[in-house]
Structures are given as structure tokens and as C-alpha cells.
Amino acid sequence: MTDRLGVAVIGAGYWGPNLVRNFGSSPHWDLKVVCDLDLARARAVAGPHVEVTDQLQRVLDDPSIDAVAIATPARTHQGLALDALLAGKHVLVEKPLADSVAGGRAMVEVAEQRGLVLMTDHTYCYTPAVQKMRELVASGELGDIHFIDSVRINLGLVQPDIDVLWDLAPHDLSILDFILPGGLPTTGVHATGADPIGAGRACVGHLTLPLAGDGLAHVHVNWLSPTKIRQMVIGGSRRTLVWDDLNPQQRLSIYDRGVDLARTSVAGADRAASSISYRLGDTWSPALPEREALGQMVAEFAGAIREDRPALTDGHAGLRVLTVLESASATLYGEPALTVPPAPRAAEPALEAVR
Amino acid sequence: MTDRLGVAVIGAGYWGPNLVRNFGSSPHWDLKVVCDLDLARARAVAGPHVEVTDQLQRVLDDPSIDAVAIATPARTHQGLALDALLAGKHVLVEKPLADSVAGGRAMVEVAEQRGLVLMTDHTYCYTPAVQKMRELVASGELGDIHFIDSVRINLGLVQPDIDVLWDLAPHDLSILDFILPGGLPTTGVHATGADPIGAGRACVGHLTLPLAGDGLAHVHVNWLSPTKIRQMVIGGSRRTLVWDDLNPQQRLSIYDRGVDLARTSVAGADRAASSISYRLGDTWSPALPEREALGQMVAEFAGAIREDRPALTDGHAGLRVLTVLESASATLYGEPALTVPPAPRAAEPALEAVR
Amino acid sequence: MTDRLGVAVIGAGYWGPNLVRNFGSSPHWDLKVVCDLDLARARAVAGPHVEVTDQLQRVLDDPSIDAVAIATPARTHQGLALDALLAGKHVLVEKPLADSVAGGRAMVEVAEQRGLVLMTDHTYCYTPAVQKMRELVASGELGDIHFIDSVRINLGLVQPDIDVLWDLAPHDLSILDFILPGGLPTTGVHATGADPIGAGRACVGHLTLPLAGDGLAHVHVNWLSPTKIRQMVIGGSRRTLVWDDLNPQQRLSIYDRGVDLARTSVAGADRAASSISYRLGDTWSPALPEREALGQMVAEFAGAIREDRPALTDGHAGLRVLTVLESASATLYGEPALTVPPAPRAAEPALEAVR
Amino acid sequence: MTDRLGVAVIGAGYWGPNLVRNFGSSPHWDLKVVCDLDLARARAVAGPHVEVTDQLQRVLDDPSIDAVAIATPARTHQGLALDALLAGKHVLVEKPLADSVAGGRAMVEVAEQRGLVLMTDHTYCYTPAVQKMRELVASGELGDIHFIDSVRINLGLVQPDIDVLWDLAPHDLSILDFILPGGLPTTGVHATGADPIGAGRACVGHLTLPLAGDGLAHVHVNWLSPTKIRQMVIGGSRRTLVWDDLNPQQRLSIYDRGVDLARTSVAGADRAASSISYRLGDTWSPALPEREALGQMVAEFAGAIREDRPALTDGHAGLRVLTVLESASATLYGEPALTVPPAPRAAEPALEAVR
């Protein structure tokens, strides 16, 4: 067991059990403690062989614990992460990294000052499909990225404290951050939304984002759609990729189809028009391994710590996603952060008490 | 033949032949003349039994011609329509009604002053699917309209003189105008677009439009998509409709699925959250007749003239669509109208000469 | 706990854990023992609170055990079930009921002589979709059944001891038995198959079965298909139903489409031809509850015992399925039963020893 | 015009107009005459510039006519074709080649004796999809053919004189004949069918056919299905191809997925089981040109005549299809040929009179 890193999971609510299961079965990790104010829940999640506690200090004081994984509500991330970093722990944080850009920036800065790994759990980035997408973009297979259209809609749970953009768009934005060569652009964001059912926050949202080289990304998130769609189109100058996450038989399709425009130096509209051509080539669908994303993610967390390098989805990635979300809120509501004051929810661990 | 109305078709290019065929086979119409500067083309389109001319005046002077149908490039609509109206002819105009709101308004005003029918050929509104959609909205089957999402993308012909919004969005907007109880809203338009291939005009466009009652409509048009999608979702408070125009086996689906929020007078976030409920009912797909839209459209033109009433898709409908397009251009480019000066195209009838 | 029935699960292999989980969480049952020769496996499946044994006699001698559920290889069903019935236990058996009609008939006869419930675990019959299908047939919504086409193909595990018909067709046949008013027809069976990869048994199979009233059922099973299809069409004189088990968004579709032929008494081909008409009505997709089939199945087992009545999928149902499978094998290979002598498999509990 | 071959089209009913259009616009052919007893129909089809006649002898006596294309009811093919061959004309015949094997064989023999081209119009074989399929099989891309499953079902016109197998299966069988290296196998045919609506002939049919190397082909044709499917799966030892003719966006898919079984010389079931492996590779969808099949077909007819070689779909191909159809009828009805005596139909040209 000397080679394994010690880890504690903070928060045994919705996502915590997935982290517990994956840290628990990873060859890289020794899961030491599960921490939640609700000890009964912590025990149910931890199983018979892992210690539980409702005292964060118990975790921070334990030198055998190298890292903590935080799976609590977004507004508690900043406080918990800073406590852990100041105690010398590496930190993994659920998305979104924090509930404000300022909070996320503080976390990134402290981690860098202390030389610790701060990683954002952008789980989708560790799926075989998204890893393949990143590889195809990086290798130049798609060419320059011309447009991206991401649709994530279904009859979804209307959240009590965040709008549909903060709820669903972090998935799309973290994927864009992961696959775009320069990471997620953070300027020029525009968002539109609607709350037609009177929920008190946007239930339908559209977000656009300019890409390098005159391209455009668009994200459509919607809690009110009767049908479920999770689809992303990445249009490139050489190929266009379609990811249909709900079609296990053909998740990725790469189309050798597109419009080519030879940019001639001769001016004039006629000239431009005549140099347009259309490609109508083959379609290709790569086989993808069956592999759980979270297993890859916890391995990457261990790798980053051991090799003293930033994680693939590090704090900066989380911060870029936050920046876009805040800008979106600003165009939607005229103010940057989470849209409504968070109301206490029975289902949430009251982590202030834990601390 | 005394009961039939006389009609001339102006323009024998892309769309003209469809009008010629439908006026020619309609029991309501007597197709008298096809007019195009390119007489050979006019003859090829008109067939052996219909007169052709390259002189607009020939049409305007003929008292047996009650109406003209204009299927020429958008920038020529205003001039031709005004000439025809001033000569006492009823007028049908291809979409878009004109190339500017000012032009369209002039046409509407002259038609009203003269008591003549001015109709916009919003063909989709005469398809069985869209007629059924209008009926379902009007009957209250869908309830209040909460959101609309319209996607019209494929590997499309990059147009030499108009952008993708002016090329494709008129279809979506004219349908919205037709099915929404109050017609198309024309304020609060926002558009984003991109020209990643350097075509000189937007090839990808997103347009949002607020709906009455805090709803939102979104239109996505794209010339660069490798896959072809023509789909519209109309989310209502009672039912949600999905129109998939490329699925002949199930074009319309009506879902009894949605989120209901009882608006209680008791304040507080908890209260609001607890009153949300989810409907998961049946889906229904009405059978639609097989019927050519253009046949219905030319019949409606005749009906409006005979009954001295506005056509279902009248000049005001065309004007509302123009207004939204101009607003979209203004947010995209900072100026309202068609995006680039129209270049002469060999394939276009030089209709100035005709006049 | 006095109201609950005591049950033992025999066999902790592939299917046993599902039975253990469902008996364990049922309000109708008290799971007493899990029995497998491989005690370690039995323990892993049983969890900490349920007794395990490798001695069948331990189960048979226990008066608190009212019933046993048998989830062992098909060739062991007959022996185990007879032992249990003779010990006065009600018996649930995995599909297929036995490995021969003779064996199945012996089980049915002993159960009837002893007044005990013998139930076949035809799990699909307890899914919401199949229950709805049965209801639609029984209510006359579909009319007379004209044809059935069932396709169950994918890249499947080539089984070491049974062919693709014995492996997959029991699903289709048990469903037909459940939904057809008179149960599964057992005469007139014809099967064709192929073993193109040299596996020693059919890997592709087609089975046809005449239905009452000149109808026809066809079942296509295939281990070699690169795509996965699980679809059944039930063509009726009034409506036709399509069940697409892999489309969670629209599992059942009922089409009001079909060919109607008025059977006039006037003879002659012309007359017949002229009385054919085509219905092209609406399509309807009923919402289905989310409900685990096995929970329903174990509840039915308890209900049959308490009410002293045959289970919905009783021993006779299992016997009809066996009869069709044997007839299929006879037309395929010239002999009735399982196609090859079963080879010992490491993964199989050696249940002879248990007995 | 000296380079063109002269042709007459016999029969101006359902299919004749397509032949007239394609011969008329082909650079290889000079369409001389359209022949039908119903002269008005012949004229409507022929257009203003092609001669019409109701006298077959007019065609046979004309030395400028090199070939005739026969598009009349099946029972008239033999007589018309023999007359034409005996008059020295090359002959193209609609599918099926004749209404019996004996009739088809007579046609093939006379053509060979006279050194004339006898071609069957198996139109599907000239579509880009089927041509690609043939190419992929011939190149070994798919490996040995293990199984074929062809489904051609929809709410179809119940024919007055032939059953669903004779109506629809010629399409599937002619395609199999075209793509299988040795042509269509003609022995071991088995068919099942049903007439649940009392139409007097099978409306649902299943046909199986053994392939070389222990493979199996299955054809499902159905006039009563509410949904329309036209799909063929060709399972090979190296790749499997799926042709979905109703999906223009992805008509052909080639799956590198399958089951491999190493045939070791060591005997024993365990050995066999352990040498099974599963391939889960990429999927590929080749782009197909947009090209009208009939244009290719009439070009092939000209090529065969000029190069004095059999056509790709020659009389023997038509004869193999007939042989399978007759065998299918024999297993279905106990007699070989078309199932009911053909009744006179108003819509059919009474070609006996023409002759």
C-alpha cells in the first residue's frame, strides 16, 4: 500500500458515491475517509471498510491523506478547497469549480503558491468519446474549427438554486475547453434565456461564444424539452464531427463533407463565388473502448500529483468555465453570479457545520 | 373559363417553374403569360400553350390579367410589385417580401390604398404539417407557447448576395408568424453569426426572439452542417410538439410531457420548488394528408381576391418577417439590410430591363 | 414477518443475483437461503444477512421455506424442480423450463398432482411494454392478429452448449405466449438456421409459426449481427403495434394504418380487388411506467401461491415454449432437443453435486 | 445519329414511361417508337417527337430498330420477347423475366442461338449503393458471406394477380444474384407465407436460401406493415454491411464488427469455445454518387450489344431469380408458378392484340 496516495471524499450526496466507488477501486488510491455532516449517509456510502467522519479537521490533520475530493454544493467549494490547500492537501473539486470567478481565482492562486494540484472534475473529458474528439482536433484531422453546436436538452429536474445554464452548460463548456487547442475562449459571450414556467430562473438557455478564426460556438440547454438530446457538432475546415451521446451504436461520426472556399487574391464577388466547392466524401465512425470516465479521472488526479504537473482539467480549466458562466449570467440578468440566493435544501449536507 | 382569374408569372428562374405548374393546373386560375427577360427560358418554363414575353408592360396593360406572381430576386420585388399594384393588379410575391422593411412597407401601403390583395408566398404555411401545427396552437391543445426551437441546417449552397439568415430563416420566421396567435413578435430580436470560411457573409446564424409570456424562440440556420436537419420544437404549457420534416413516417409528434409549476401565492423558494411536477404522458402523431403546398397557396390567393379579404400570409406577414431579418442584421453587422451589395449573376433575370 | 413467504434461490451464477436482489427487497418474500455448490459465490451474492449452503437437502428439509427459485443451467432444471416439488415446495424456474418437452411435462404433472405452483420466469412478460401489449391485444384494440415479426439480433455471446434459437428465441416465444389470446401455437413450426462460422450450432435462426386465422409469426435471432435490434411488430386487423425495446423515448407505437379487405360474397377477382382499402390514420405511443420486471414477477409468484391459482406464466407456458423449440430443432437438425451434448464449463455450478 | 442504336419501347403502362425517358435522353440510343394497344397512352408517354404504334409488327419489321424494351405484364414477356428475338432484335425485359422458368429458359435459349443480347431490367443493380456492394464483395472487403437478411416491407398495394413474393422479392433476389460471386443459389429454397386478410394470395412472405459455405439468406416481404423498411444486412467473415435504402444520409454502413472462430485442429468443445473472439472495430460509410439507375442500365444494354457480350444482368440472371420464385411458390402452395390465374385488368395493355 506504500505506493498508493491517501484520499478523503468530502460530501456523500448526489455525486460523492461515484467518487467513493472509483477512488475505492483504483490501484492508485487508498480511500481513507468519507466526510459528511450526515454520518449515517457517510456510512451508507463508505461501506464497511472505510472510516467516516463529520469533522473536516479530522481529514485536514491526517498526514496519511494526500488529497481531498470535494463533492458538495458549489457555494461551499471555495471555503473547503482553501482549507484543504492551506493544510497542504491536493484538491479535486466537482464542477463548477466555485460559485464565482473571484472564488475560483482565489483557489487557483493558493494552489499555485503552495505547489499543490488543483483539479476540476470535468468528468465528460474522461469519456472515450471526448478523448477521441480531443485527439481528432489536436491531430488536425478536423482542420480549423469553424463552428460548434452543442445541444443538451431533456425533461430535466428544475433546480432550486441555479438556472439551466449553470446546471447543464458546464458540461458543454468543459468539453469545449478540453478539445479546443487554446482552451475555452472567455470573451464575447452572449446568452439568452427564458423562464416561461415562472420557476424564478432561466429554464431554457442559449449561449454563443466566438471562436478563433471567425468561428462560433453555440450551446443550447433546456429543462423543458420532452425529448432528450445530447449532441455536439464540431465543424472543421477539413472534417466535421458529430457526437451523439445517446446513440451507443454510433456515438461519433466524422464526415468528410463541407464547403471549401479558395481565398483568391483577386477581388470581386463573382470571383469569390466561383471558388466555392463542396466536398461530399465518406463518413467514418471510430470504435470507442468501453471504459468508465471516473476511473480515468481519478488516475489522472494521481498522475498529476506524482509527476508534479497540472491535471488535464486543472483549476484554470474550471476557472475558464466559470468566467463564461458569469458572463452569460451578466448578459441574461445584468449580474454575474449564481442567479438566486441559494435556499437551504434538506438534501444538502450543511457543510459549514462540518468546517 | 369565365370564372377563372387571369394571372401572369414574372420570373422563370429557380422558383418560377413551380408557380407556373401550380397556376397552370389550378381550377381557380387561368395562366396567361410568363414574363422573363430571357425569352428562351420563359418558353421552356411556360410550355407550348402559354404566351411568353420579355415586356412587363405587356402584362400590366392586359385587362384579362387580374394578378401577377413575382418570382424574381428580392431586390427587384419592390419595384415590380409597385408597378403591378399601380396598374391595378393583385400581387403575390416570393419570400422575402422585399429587401428592406421600408420597401415592404411601401408595398403594403399601396396595396391597401388601392384595395388590392398583396400576398407573400410563405409556402411552408400551406403544407399539411404546418397547417396542423397552426390548428393545434389555435385550439389550445398545446397551451401557452413556452419555447420554440427551430433548426434548419445542411450542407447548403452558399449564396452570393445574402447571408444564411436571409436565405433560410424566412422559412422559420414565416412559420412562426403563421402559427403564433399574435403573429411574429418583431421586437427584442438578437442574432449571432459567423463566417468561418471567409465567404463575405454569415454562413452560420442563431437568432433569438422573445415570445409573449416570458417565452423564447430560437432559430438555428447553417450552410456548413454535414447533416441535414429540419426540425422545430414548440414547447407549450399543455403539450409539446416536435415537427421533423425529414421523417415522412412521423412528421409531427405531440408529447404530453412537461414541467408544471403551480404558482402559489405563498412566497419562498422551498414553496416554489415543492410545487413543481412532471407530466410523463402519451405521445401522439396525427396522420397528415399528402397535398402539395403550392396548390393550396394559389387557391388561397384566389380566395382572398374573390372574397376581398387579406390572404392568410398577407403583406403584413411578409413585413413582420422582414422586420425581424433587418433587426437580426443590425445586431450582426450594425446595419439593417441585406449584407452585401448584390453582384450581377448570370443566372438571374435582369429584370430592370424587363421593366 | 409472519405474512411473508419463505424462499430459497438455487444457483448464484448469471441470473441468480437478480432473483436474490428482487426476492430480498420484496414485501411478499423472506429470502432464507442462497444455495450453490460454490459457497464463496453464494456468499458474495447473498450478502451479509442471508444464509448460504451448498446442500440442496438443507433447503428441502426446511419447513419455513415455502418455495424455491431455480436459476441453474437448463439441463439441471428437471431434476432440481422435481426434488423440490416432491418436497412440497412451490417452484419458480428460469427459462427454458427444461431441456426437453418430456422433462417439462414431468414437472408440470408432478406440480399439478401435488397442488403446487410451478412458474416459469418469463421475465419480459412482466415489463411494462409487454404488459401493455397483452392489454391492447386482449381489449381488441389491435383486432385479430394477422402477422407477428420479432427480431432479436446483435453481436452476441456464442453459447457453448445451445444454439441461437434455444438461447434467444425463448424470449420471443414466451412473449407471444403471453399476448396471444390462446397462448403460443405449437404446431406447424418451421425453422431454418445456419452456422457459417463453424461454431458447431446455429448462430443465425429463422422460425415461423402459423397463427390462428391464417396469420403467421416469424422470429429472427442472430448472434452475428453488428447492429443490435430488439423489435417486434404485431399486425392486427384494426391496428398494428411496433415495440422497439431499444428506443426508450418511444418503446411502443400503435399505428392506425393497414389494409382492409371487405369479404364480399360476389365472386371474381375484380370484385375482390375493388373492395381493398387502405387506412392511413394516426400513430399513438402510450406512456409506460418505469418499473422493474423482476419485482412484478416475484410478486406474481407470491400471488399465485396465496390465491392457489396458476401463475400468469405457469408451467404450461414454459412447456409450450419448449414444444416450439423442440419442433424447431427437429426441422433444423432432424432431432428434437438441445443441439449438442453439454460440455462442462468452469463457470457453471456443478449442481449434480449439490443434489 | 449514325452511332446510336435504335430502340422501341413496348408497353406504356407503369414502368414504360421511365424507360421512354431514359432511352430518350441517352447518348447511346435513338428512341424510335413507343408501342401500346392504347394509342392515346402511348402518345402521352412518347411526347411530340417519337412515333407511336399499336402494331408490334411495325416494330419488328423496322430495320432501324436494333432492340426492344418490354415493359408489359409478366405473362406476356415470353411471347413478345420470342417474337422480337426471332425478328433479330436484342431484347430488354422488365423483371420478372417471364412468368415461369420454362418460359424464361426458352427466351434464353433463343437469344443464345441467334447471338442476341437478352437483358433483364434488374434496376436496383444499377443504383450506386448496389454497385458499391458488389464491389465490396468482389474485392474481398467483406470476406466470405455468412448471412444475408433482406427486409422489404411497407403498406403496399395488394396486387390482383401475384403474391407478395412475386411482387417484391425479385428486387432482393436480383440484388443477391448481382453481388454474390457465384450468382444466386437456386436450390434449397424454402418459403413461408400468409394471407391473413383473405386476399387470395400471400401478403406476408419469408424466404430462406442456403448460401455457399454454410451461410443463409433470408428475405422478408410484407404488404401489411405500417412502417416502411428497405434494409439489407450482408454479414461477412471480415466485415458486415448494412444497406438502409431509406436513409439518404447514410445508405451504406460497413462494420468491422463480428465473431471470429479460429478453427483449430485440436478437437473438443472447450477448445472451440476458447478460440472464439469478438471484433469491435470502426464503422465506415462510403459516399455514393447521385446517379439515376435507369440511365446506367440503358447504357449497359447498349454496351452489351456493341461489345457482343452478356449484359451484367442478363437472361441467366433473370432465370435464376425465376427459379427461386418458382421454388418458393412450390413450398408455399405446392405448385410452382404464379399463384392465381391472372384476371383481366383495365389498366393493363391487352398485348395479345398488339401481336
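We call the chains A, B, C and D, going by the order they appear; numbering starts again at 1 in every chain.
Everything below uses one rule, namely that contacts are C-beta pairs under 8 Å (C-beta built on N, C-alpha and C of every residue); 3 or more make two chains touch, one makes a residue touch a chain.
Computed from a predicted structure; not experimentally measured.
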{"item": "Each chain counted as touching subunit A and subunit B at once", "value": "C, D"}
{"item": "Interface numbering overlap (same over half, different under half) for subunit C and subunit D", "value": "same"}
{"item": "Subunit B and subunit C, separation of their C-alpha mean positions in angstrom", "value": "55"}
{"item": "Separation of mean Cα positions, subunit D and subunit C [Å, integer]", "value": "40"}
{"item": "Between subunit C and subunit A, distance of the C-alpha-averaged centres to the nearest whole Å", "value": "44"}
{"item": "Touching two or more other chains - residues of subunit A", "value": "227, 257, 280, 283"}
{"item": "Residues on subunit B engaged by subunit C in the complex (per definition of touch)", "value": "250, 256-257, 280-287"}
{"item": "Footprint of subunit C on subunit A - complex, ascending", "value": "227-228, 249"}
{"item": "Of subunit C, residues touching subunit D in the complex", "value": "144, 146-147, 149, 155, 158, 160-161, 190, 192-200, 203-204, 206, 208, 210-211, 213-216, 218, 220, 222-227, 233, 235, 237, 240, 242, 255, 257-261, 263, 268-270, 272-273, 276, 278, 280, 340, 343-345"}
